[in-house]
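I am attaching a structure below and will ask some questions about it afterwards.
Each chain carries a letter (A, B and C) given by its place in the written order, and its residues are counted from 1.
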């Protein structure tokens, strides 16, 4: 059982890292709390389902297409709904909430509330130290690691990445230095939704695809950000793994039903007792 | 009293009067039932507006307060005389206002909103888990001391009281302070306002009213179950408030009536209820910042312009 | 801007009475109106709708009832007691139906039962397992006698499930059982009954929340306890990931119990064949339960392009016929007369032989409404229990051979 906790904890930690990173990017760069973040995760999962099941596309192209399409959708979303409202963060919040609900209902309309399955890419499993781990789960872990590495390279080495970091630090200064701030926002949005989509794509084969799946990724991402603070990549990764292991420990040792409760407890507990988070800059100023 | 305030009082009174007289002409229990539901949602949306419309902190977890009031009616109904159940429901809701408010107080704006989303989910899960106490998903059957027309009038009465509170808040110094905090809470703090106390106050006031409404809701449905804590309920209230017009006293109530009646008449086209609601809300946020209320303003301005042109 | 409040208030006051005008007049010689409630966007609701429609078409084609046609009026309840209440009120006061049938969720049925009872209309449940519904018939007969159910209640289900599990344990010589059950009220009597019957042979008891999507932890714990049989009660979505993980991780247990997702004809593709050996109770199978069963199954499949899915299907089809049979015998639509006629029901339908007990629930058992189990084998649902109704042999999952 301990082996199970470690293995599952690691896999979920990787997924939560991706979710949290996507969330912090738009948050840190544009100060937008995107309540439709979970909806992007949902859109990507349904896209994969549709591409694979209704159009017969093989898994890998379907994944790439779904993530790319969702990232584009995210950028469009920004341009059409968020950009006109960006003066008032409250209205941005509401419109993104509205979009999240709307997309959920569209999913119900098209696919009904019944869960859908996404086929696994790598069937089969192997034994690690007495626990059976599916190949799919290992693939998930590998892809997540690669994504985080790519993200880090993007932010550190590319021009767009450097601009993003400048804007995140101080958008006025960045504008004065000639950095096209609006373009950075757009890029951040695309990255953010792309990461949410990637997380959705990775999780879909071993859970189910259903219209309500958008809310827990949103809450988990928020919890990780609250715990870890903004601005530190390693801080976010650490917080993501803390949350994941806490969930697994609660699930295995106390009760699987309390798994979500563990996440909520971390969120509320951090807000009450250590609002500045553990590392980096807290979201409470 | 300013002319504008008097007109507002008169407008609200006229609308309520019309609704109060309705049972004289309409005796169909179905219609009365739908109107009672609309009145209850108007109470929830209006009480929500106190925090969200004035102080500007969008609360996605308002369902907690009326859900707790409803469960109070379920648990205490058989044990307490009817008149005591109401204050019990309000008290329970106020307790939760503190439980929810305290962690959220250190937060502002969007962070507060996202955190408030969590509480109804927790309560929903608790209601399911402690099945022996809460009846789990079956809920609790409630034997109401009021029903039919009696309940309709009780709901209207509470709605009138809620609107009166909103009017009082809006026109008083309290309201101005709320709005100042809503506009720029850092400036308010710099000016010496204890924003934490005011935010908590808004939570508590909104919760108490919602708790009372929750008791009536339990009486109306004759049942209370975990679905009162569902995301659907929370979001419906937010949407009603926004579509009607936040911070406009009558706006959320109008939004509640409009959307509840719309929802029932959409029954024919099956239920795309939340789809339509959220679509309407997105359009409102983009084009009608103060909801249906501002629609009225826009029309009035057009009418005045038409009038001026005719006068030339 | 305050004038607009006036305008709006006036418009509201004028528009609302228009709702009342939607009420059609009560017809004395027109069709017999049957209100059908349920969550039609879900499979159990869809089965209610389709089975009721097929039954109605057949009855009308054969001349109707008492010279009148049957007309179905559907009202969506969306699994919500609040919507259920307005749905039922609309049926009763606007559409003025003569009887109400259907509904899959117990919490909705419990919320609407008193309203229908107070208006003295027959409410024929063709779904929902809560014993509380029929408890009310015993506790307050005068008020609740109008309630009938064509489907077993949770206590009856518990009894039958224990019988099957004990049978399975004896036949395959297994004595370590784990339960993985949703935390739902209707499950409680089943879990309680199993606990007391199994005693120390129950090695693990996992409760799962109804919106759980991932049961990997539960499976790990069950495996650590060295269970040999898992009794699963999964009425919500968890059935799909459960089956997939069970097979992928090759958990060495036989599965029985009640997994709703496994009752769907899409389960095999959804699990990409991992369902091989997966067993579940299924009410409504293509087996000779009565001479009417297989012909109905085939007619239904031909008409709708998919097999009967949820338990509500057979229950609703039989429900409509039982209702019509009672109306014919009573010769009237008067509810009290219908109650007497319904209580005298002895109908052989597709679910078996239906006779109502004092609780207005059907009698259960191989001579009445049998409790059938299917097992997935090479893409097909094979009826494997009770032995008198089986259409094939039980198989072990691949990795347990």
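To be clear about the criterion, a residue touches a chain if its C-beta (ideal position, glycine included) is under 8 Å from a C-beta of that chain, and two chains touch if they have at least 3 such contacts.
All values derive from a computational prediction rather than experimental measurement.
Q: What are the two chains with the top count of C-beta contact pairs?
A: Most contacting pair of chains: B-C.
Q: Which chain maximises the distance between its CA centroid and that of subunit B?
A: Between subunit B and every other chain, the largest centroid distance is to C.
Q: Hey, how far is the Cα centre of subunit B from the one of subunit C, in Å?
A: It comes to 36 Å between the two C-alpha centres.
Q: Please work out the Cα centroid separation of subunit A and subunit B, and write it as a whole number of Å.
A: Measuring from centre to centre gives 32 Å for this pair.
Q: Show the residues in subunit A shared as contacts by 2 or more other chains, in ascending order.
A: Expected reply: 108, 257.
Q: Among the residues of subunit C, which are close enough to touch at least two other chains?
A: 41, 183, 209, in rising order.
Q: When you check subunit B against every other chain, which residues touch at least two of them?
A: Only 125, 129 qualify.
Q: Which bits of subunit C are touching subunit B when the two form their complex?
A: Subunit C residues touching subunit B: 1-10, 12-13, 16-17, 19-20, 23, 40-41, 75-76, 78, 80-83, 85-87, 89-90, 92-94, 106-107, 110-111, 114-115, 130, 132, 183-186, 188, 209-210.
Q: In the complex of these two chains, what residues of subunit B are touching subunit C?
A: 4, 7-8, 10-12, 14-15, 18-19, 21-22, 25-26, 28-31, 33-35, 37, 125, 128-129, 131, 135-139, 141, 221-223, 225, 227, 250, 254, 257, 261, 264-265, 267, 270-271, 293, 296-297, 299-300
Q: Give every residue of subunit B touching subunit A within the complex, in rising order.
A: 56, 58, 60, 102-104, 106-107, 109-111, 113-115, 117-118, 121-122, 125, 129, 231, 235, 238-239, 242, 272, 274-275, 277-279, 281-282, 285-286, 289
Q: With touch defined as at the start, can you tell me which subunit C residues reach subunit A in the complex?
A: Checking each residue of subunit C against subunit A gives 41-43, 183, 206-209, 211-218, 220-221, 224, 237, 240-241, 244-245, 248-251, 261, 270-272.
Q: How about subunit A: which of its residues touch subunit B in the complex?
A: 33, 35, 81, 84-85, 89-91, 93-95, 97-99, 101-102, 104-106, 108-109, 215, 218-219, 222, 257, 260-261, 264, 267-268, 271-272, 275, 283-284
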